[in-house]
């Protein structure tokens, strides 16, 4: 399969909770990092935009947790980008454990760009 | 309106990102804390269960981000619990800004209980 | 004993790691939150200053971990402020478990204020 | 210079706060991750030990913040290990920005191993 972007990371011990598995909120961190790294490959810099008071924000997130990551696991995130409308974009992001390509999580993240008045604007054009 | 549980919290500065608003992953932390506090009122202790190798886990999360919280905001989380099946439960959780009861986020979190072999078991009976 | 400021918080499950105790980095979050809440009582707003490109930053931290907090523990943070020089200030911050006032952590945090060029400036005058 | 261990990481946007720089607590995460990776090279597994109720814990931390990391910065952590006594060990850990080897943070972390009764035990023998 082909992906618009792919990144490999490794679980850090402080990301695991008392159950010994990665806490559910941490996957949102992983997914965000993958999106921002993808954006950078497109010349879009989340932090630079924020300085100009243009905020890339998540408006909806759907996450299906299939199997937990645990301490020391390497994993990779497949990122696919889609323009939904002039002001909305979607990411399909799947996380796989590197060792055996086991599916860990499927996510759909819908985002938009807000100007300094909080109005959605057309910003992201990824070909 | 009536809720099964309600908790009020306050945004801490370290929870905000470069945009000056609460990072999207942090809401998952807020929601989890509210669920665990609710569970405690029902005699269900997430950490004690984990010590017995029974893990309460999220299997699906849907979050609609309506309006961002920012530094210093007080907010409250409304929690409604529902048994979906003997082995699945759902939480409807809404976050409101305390100041004006503005809706911040709507979430639906589906969870299950796993035994030490990772098999779903029937555990949560909230009346 | 008298303190310049005091705040009570409660451990959240996601702040605990695989050892079942609060992760060492999380105490830095607790301490920062207590300092920022104290600053607010003095009319000093960390986030407002950041918007003006004035950054309150930590230059040195010393932490003595005496006893771990665990899930569900309530604790309070005693905050004492001291001006070290026109451009440096110090916080002595002790964390106690509420249940029995057991000492959990002793910290000394030294900070300064930086202007937009990163130069230390005289800002904090707490009487 | 020679180090017992060295690891390179990259700042993730969610690790930065409203000031646009890495939050002071996040450095504790970085340092812990570097120590645990070093331990693994010595056959010492933090998580496996925790499952046996042996906890590696920090008893004292000293951090000198020299210069902030910001979004996108790559950095490396130099780790030096020292046995202080049969039951205490120390880590000297320096963080440098990769781009120009600028010193970002100097840390000294003192740790011990606790058995299930919370008593310090002799565990770590790194040659």
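Structure notes:
Chains here go by letter, A, B, C and D, matching the order in which they are written, and residues are numbered from 1 within each.
Note that a residue touches a chain if its C-beta (ideal position, glycine included) is under 8 Å from a C-beta of that chain, and two chains touch if they have at least 3 such contacts.
Just so it is clear, the structure is predicted and the values come from calculations on it, not from any experiment.
Same-residue interface: chain B and chain C share over half of the residue numbers found at their contact. Centre-to-centre spacing of chain C and chain D amounts to 21 Å, using the average Cα coordinate of each chain.
Separating the CA-averaged centres of chain B and chain C is a span of 27 Å. With centres defined as mean CA coordinates, chain D is found 31 Å away from chain B.
The set of chain B residues touching two or more other chains comprises 13-14, 16, 18, 20, 23, 25, 29, 32, 46-47, 50-51, 71. Contact topology of the protein chains: fully connected, every pair of chains touching.
Residues 13-14, 16-18, 20, 23, 25, 71 of chain C are the ones that touch chain A when the two sit in their complex. Contacts from chain D toward chain A in the complex involve residues 12-14, 16, 20, 29, 32-33, 36, 40, 46-47, 50-51, 70-72.
Chain B contributes residues 18-19, 21, 23-26, 28-29, 32, 46-47, 50-51, 55, 57-65, 68 to its touches with chain A in the complex.
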